[in-house]
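After this come two complexes, each holding chain A, first together with chain B and then together with chain C.
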Partner chain A sequence: MSHVANSKGRGGFIAGFLILPLALYLTFVIWPYIQTFGYSFTNWTGQSPTFDFVGLDNYSALMKDEVFRGALLHNLLLLVFVPAITILISLFFAFMLNAGGRSGAGGVQGVAGSALYKVIYFFPQVLSLAILAVLFGAVYRSDEGGLLNGFLTKLGLVDPAHPIEWLNEPNFVLWCLLLVVVWHGVGFYLVLFSAAMQSIPKDIYEAALLDGAKRAQTFFKVTLPLLWDSVQTSAVYLGIAAMDMFVLVSTMTSGQFGGGPDHHSEVMATVLMRNFLYFGKAGYACAMGVVMLVLTLILSAITLRATRREHVEF
Partner chain B sequence: MGSTSAHGENSNGEGFGRRDLIKRSAALGLIAVPTMSFLSACASGSDETTKGNESKVAVTKENPFGVAKGGKLDVVVFKGGYGDDYAKAWEAAFDKKWGTTSSHLSTQEITSKLQPRFNGGNPPDVVDDSGAQQIKLDVLAKGNQLADLTVVLDAPSLDDPTKKVRDTLMPGTIEGGMIGGKFVALQYVYTVWGLWYSGKLFKEKGWTAPKTWPEFMDICQKAKAAGIGGLAHQGKYPYYINVAIMDLIAKKGGLDAMKAIDNLEPNAFANNPVALEAVEAIYEIVEKDLLMAGTNGLTHTESQTQWNQGKAAFITSGSWLENEQLKQTPDDFDMQFLPMPVLPGSKLPFEAIRAGAGEPFIVPEKAANKAGGLEFLRSMLSREWSTLFAQQANSLTVLKDGVDPAVKLRPGTQSAVTALKAAGDNTFNYRYGDWYSEMGTELENASNELMAKRIQPKEWIKRAQAAVDKATKDPNAKNNKRS
Partner chain C sequence: MTTVIKAPGEAAAEKRASATGHPRGKRKSGSDGMVLNVFSHGFLAVWGIMIILPLIWLVLGSFKTDVQIGESALSWPANWHFDAFPRAWDKGIGSYFANTLIVMVFSVPLTMLLGSMAAYVLARYPFRGNRPIYYFFVSGAMFPVFLALVPLFFMVKRLDMLNTFQGLILVYVAYSMPFTVFFMHSFFRTLPTAVHEAAVIDGASHTRIFFQVMMPMAKPGLISVGIFNVLGQWNQYILPSVLMQPQTGSDPERYMLTQGLIQLQYQMGYETDLPVLFAGVTIAMIPMLVVYLSFQRQIQAGLTSATLK
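Presenting the complex of A and B:
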């Protein structure tokens, strides 16, 4: 490598250091993507080294696959609601914690005890999704032993002989899962927005206060525009989370790799895994993987573009 | 895959629970890839030559494989629903007889632990290749990694040297271990499926075990009157309630009705009054509100534990149930097996049960002590070892009358032994689940909807037939035929 550095000077020297990481990246990140793309044109079963080239058969079968289309629809639904709800709630809480209080003499501060609240809000983020799945499995449990059912039974709202089977109700299951994601995410984005809010100079708030701005006005005219970068990033992250959902759906709902009852909570990742590992249709599953990749890329591009705004300097 | 993993509880997707969203999305979009090279690696194991460690011990009638005294025996077992106490007991017995030193590894991660060893040409001598992470048998067979176990079948039985081992096995054992025309896997555990109840509860209430469907419904009604559920099932895994539905079909319509389903016939479900009657019988439980409260959404452990606590009269399951629930079962529970009660005019008698072999044990072709491995398998098919298994794992083996009658078994296992004796030749076993996993899944989805009262029996039949018709397009449909 040293002769590279000698012959090309500093640029070559840096390149020399980058070759190894680049090679690793190409081998372990980019190459698998390309392989998946290749496998998606075959009828590979996943359990045998032999397979045939089938052209676009997998992709045309995918277009007709009602289960996959349903899963795509669920992903899109989550894509709309997960970021919107999570960001709205975390923004509200973050604002209240950082600039919601008005007790000090003209100062800008959070409501009383905001330092403690921050810790409490962040707590769900500390738990891994696997633990969350177990935790909320107990909340949604379909008999009286479930937290929700037990609570509602005590209130007399639910007949103990016919408890609500939360995760076995086609109309509820997706919303039950959505609630878990939001519950999990709010704490993190609250802290993220808090950090961003704290970097906003106090003088701006004080000026707004002197001009007689109310809380809502301060929020919409001052805080939100200055936070826009963070909100934008959050939307992309949450969007990607909504395109995934694999851990929660596969552990909490019924069926091989989840998706039940009767495909009502299916997301693309669960359909993919079932086809890959259970049905032995690995080539078909690879085609799904490619579709998911493309959709996620498009989504990120759209989000970044649609939320582009003039950057506010301060 | 062993019977203990039938409900797919291992589908938790370990390794995905990381918060790094970007990485996760990339990993998920292309999750297939790392696994891919991994799987093909497992198919193309190195072709290293066998270690020349074959002992030069004379082959005798008592020692048909020429096991050398002393030496080592390397045993790896899947530690699932049956635990691994039985294997420890076996190894102790083997060491005592042959003067060997056994090394024991019990794990759930069969693939990751054994893949490098198979590829490196130094596999263990005996493997219980089971569980969700089993190495697929057909892959091992293709790589010539599996010893032909026909020699074990033809060796004299340890209990009665005038008999060959093959004549001491339960029906279906040999077919269950054939891959590509060779007997390469000993499916050791004999499982029976049906209903289970608490002998204590029934005695307290003065109920007798039902033999016919009306009697069964009667007890369910009485249970409801007593404030508990009639039937519990593992709702999150509709596999279990399908056992009840499919058993009713097989018993009412006879073996032909079962084969029609396995052979994907166009009238397997459609225009088949037998199938409709069976589904309607199950639906009657739902309609008359005789299910345990909330059972449709519970996991197997949740609903089995509720049943153990007396919240329901019956539950559907296989004979691994007793061992699986060992800790949750009250001491005086008196677990009892019950064959599926029969509908009026059934072709098979009440005693008929679904039964079959599972949990494959293999001897690797390149094992250092292959003779020891083969002898180990032969010993497993002795009454002494079979009894050890029944006691330690609370389950039956494929050895005919394989449990010493003098030995006291736990009540559930004992009742399964009794039921199996009473059934005699009247056993049956569906194959569609192994042959057509997609069809199996669709039947399960339909049953889930039926139990939740969201579809009617006629709709179930329609969906089931659609699943059968879809499966006929499976390339395997040409090869999978039973008569």
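Presenting the complex of A and C:
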């Protein structure tokens, strides 16, 4: 009886439920993804309906494109530093929150008020990058009205007559952007690591304490290995974010779609957008998209491989 | 700010509690623990200030005058001007806000509905091609959106949906699909089959079972993934900035809030009216703050489990 009912209209039901989601997904996600590869071999401008097949010309032009190479270098730099700094700070804070308190009868315990800290730290995560861009644009203002300059002037570290032009200093601009990403991300990864730490059974810590382990030892020998899965996932996520950076760079730095001063904060995404929407080089921009994809995939593979550890079950 | 004031008091209270309550803890690391506690609170409080201070400073800026903002960063508003808020609203923040709401009223429920439908069928009905379709859906999450951007623009253009709400809604739904299907798929798998079978015996159709039995049971999952989609679509910047530009001179501006804020930033840079910009950002922040404070537990849990899964 139940089998009859189960099979009645089953095929139609499956098809009916899949058709709309699949159609949308194919039209707006998969098909454009596939088209990008095709367009990347053409000299399409985006405006004209006609274009020629130019083979690998776009890719070889990319190799010679100084601006793109600089952008690639910046992306790689961010790729190393954004995950490293964010993960280190959030691990440190997560450990503080969960094990930084006094050692009581229960062994290691968290600091008081850790819930409040988590609420505050996490808040930037719900703000849009556009809000961050405006906020930090104001913080980095090149006169005394900027929070950073105002603060440093007050401390006597900066001459009020010559405040630092954070976002216009070729050597500072990329680090200023990196700071925004870290500011934004730490709360989220802290909560993530915190959740993972809390799932570690208390008796493991107690056993370590009984064996005479110090706090630092506990962290490196017990906590970190058990957190490794989350650290690895975080590294991939942060790496993908570091490959993008479009919103912050294009809105906070000078130039058409950002990248200034003099291409010192250029990332691949901003070069792509400028070529597409400003120079009208759609085919060339597609080739950049493909390069970004390849790098993202390589990055994920490397991170997963490099950080592979034996999985611990508990 | 509150952390700074609160931290020492709480630390002292804790110290007292553990000194009286847990004599065993004193044995090994009494003083060590106290030093560490001060040390931890010190670092934690500094970071807390680093998070809150810029935000408060920005909000205060919307009560200052432009001249006062430029003169010194660390000044308190001299006279509290409230007029920047209505001016920001009139400069477009009001309509950008409305535009974002219009899009999300449709895009979020549609994302949840279509995503759940696909995930449900893929999770609970074995059929030929099930696995490939599932991986096909999920793989979309791996690719950077920049890969699709150029052809996507022309696809939407060909459909005559550039700078239209319906165009952006469909694109948002499509790009939210990989994650929604992925998340709901694992959720539907965990639901018990007994209820499903009982409904079948009662003669309910597949569609009816989905809407009246499975969807209500999947509510916790729907809430998690719903939060994720709301935050993701509300904060989206790249898709609207490519797809929602007026196409002709007579085409109306249908900017989303994030896009509108950046627009306001350029505009206020020329007009040198920073209080309006700061007020605009404050207005944009308020709903997120309210939503966050009301649902912060669910948001933290939802986003964390979303990443780990």
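Convention: the second predicted complex is superposed on the first by the 283 of 314 C-alpha atoms of A that agree within 3 Å, B and C clash if a C-alpha of one lies under 4 Å from a C-alpha of the other, contacts with A are read in each partner's own complex, and residues count from 1 in each chain.
Heads up, the rule we're going with is that a contact is a pair of C-beta atoms (placed from the backbone, for glycine too) under 8 Å apart; a residue touches a chain by one contact, two chains touch by 3 or more.
Treat the numbers as computed from the prediction; the structure is a model and nothing was measured.
Trainee: Sharing chain A, do chain B and chain C clash or fit in the superposition?
Mentor: clash
Trainee: Now for A:D143: first (chain B), second (chain C), both, or neither, which partner does it touch?
Mentor: Both partners, chain B and chain C.
Trainee: Given the touch rule stated above, what does A:L20 touch, chain B (first), chain C (second), both, or neither?
Mentor: second
Trainee: Report for A:R215: first if it touches chain B alone, second if chain C alone, otherwise both or neither.
Mentor: In the superposed model, A:R215 contacts chain C only, not chain B.
Trainee: Touch test for A:P261: chain B only (first), chain C only (second), both, or neither?
Mentor: first
Trainee: If you stack the two complexes on chain A, which partner ends up touching A:Q35: first (chain B), second (chain C), both, or neither?
Mentor: A:Q35 contacts both chain B and chain C.
Trainee: Determine, under the contact definition given at the top, whether A:I120 touches first (chain B), second (chain C), both, or neither.
Mentor: Only chain C is touched by A:I120; chain B is not.
Trainee: Comparing chain C with chain B, which touches more residues belonging to chain A?
Mentor: Touching more residues of chain A than the other partner does is C.
Trainee: Quick check for you: in the superposed arrangement, does A:A241 touch first (chain B), second (chain C), both or neither?
Mentor: Touch status of A:A241: first partner only.
Trainee: Just chain B (first), just chain C (second), both, or neither: which does A:T251 touch?
Mentor: In the superposition, A:T251 touches chain B and chain C alike.
Trainee: Mind working out whether A:M63 is in touch with chain B, chain C, both or neither, as first, second, both or neither?
Mentor: In the superposed model, A:M63 contacts neither chain B nor chain C.
Trainee: Of the listed segments of chain C (146-154, 182-190 or 218-226), which one clashes with chain B in the superposed model?
Mentor: The overlap with chain B comes from chain C residues 146-154.
Trainee: Mind sorting out which residues of chain A both chain B and chain C touch, each in its own complex?
Mentor: The answer is residues 29, 32-33, 35-36, 39, 46, 125, 128-131, 133, 137, 141, 143-146, 149, 237, 240, 243-244, 246-247, 251, 269, 272-273, 276, 282, 285-286, 289-290, 292-293, 296 of chain A.
Trainee: Within their complex, state which residues of chain A touch chain C.
Mentor: Within the complex, chain A contacts chain C at residues 1-2, 5-6, 9-11, 13-14, 16-18, 20-22, 24-25, 27-33, 35-36, 39, 46, 89, 92-93, 96-97, 100-105, 111-113, 116-131, 133-139, 141, 143-151, 154, 183, 186-188, 191-192, 195-196, 209, 215, 230, 233-234, 237, 240, 243-244, 246-247, 251, 268-269, 272-273, 276-277, 282, 285-286, 288-290, 292-293, 296-297, 300.
Trainee: Contact residues on chain B for chain A in the complex?
Mentor: 8, 11-14, 16-19, 21-22, 24-26, 28-37, 39-40, 43-44, 136, 138-139, 142, 235-238, 289, 292-299, 302, 306, 437-438, 441, 444-446, 448-449, 452, 454
Trainee: Residue numbers of chain C touching chain A in their complex, please.
Mentor: 2-3, 6-7, 10-11, 13-15, 18, 21-22, 24-25, 28-30, 32-34, 36-37, 39-41, 43-44, 47-48, 50-55, 57-58, 61, 69-74, 114-115, 117-118, 120-122, 125, 127, 133, 136-137, 140, 142-144, 146-156, 170-171, 173-175, 177-178, 181, 197, 200-201, 203, 205-207, 210, 231, 234-235, 237-238, 242, 257-259, 261-262, 265, 274, 277-278, 281, 284-285, 288-289, 291-293, 296, 299-301, 303-304, 307-308
Trainee: Can you tell me which positions in chain A touch chain B when the two form their complex?
Mentor: Listed in rising order, the residues of chain A that touch chain B are 29, 32-33, 35-36, 39, 46-49, 125, 128-131, 133, 137, 140-146, 149, 160-163, 165-168, 170, 237, 240-241, 243-244, 246-247, 250-251, 254-258, 260-263, 269, 272-274, 276, 278-280, 282, 285-286, 289-290, 292-293, 296.
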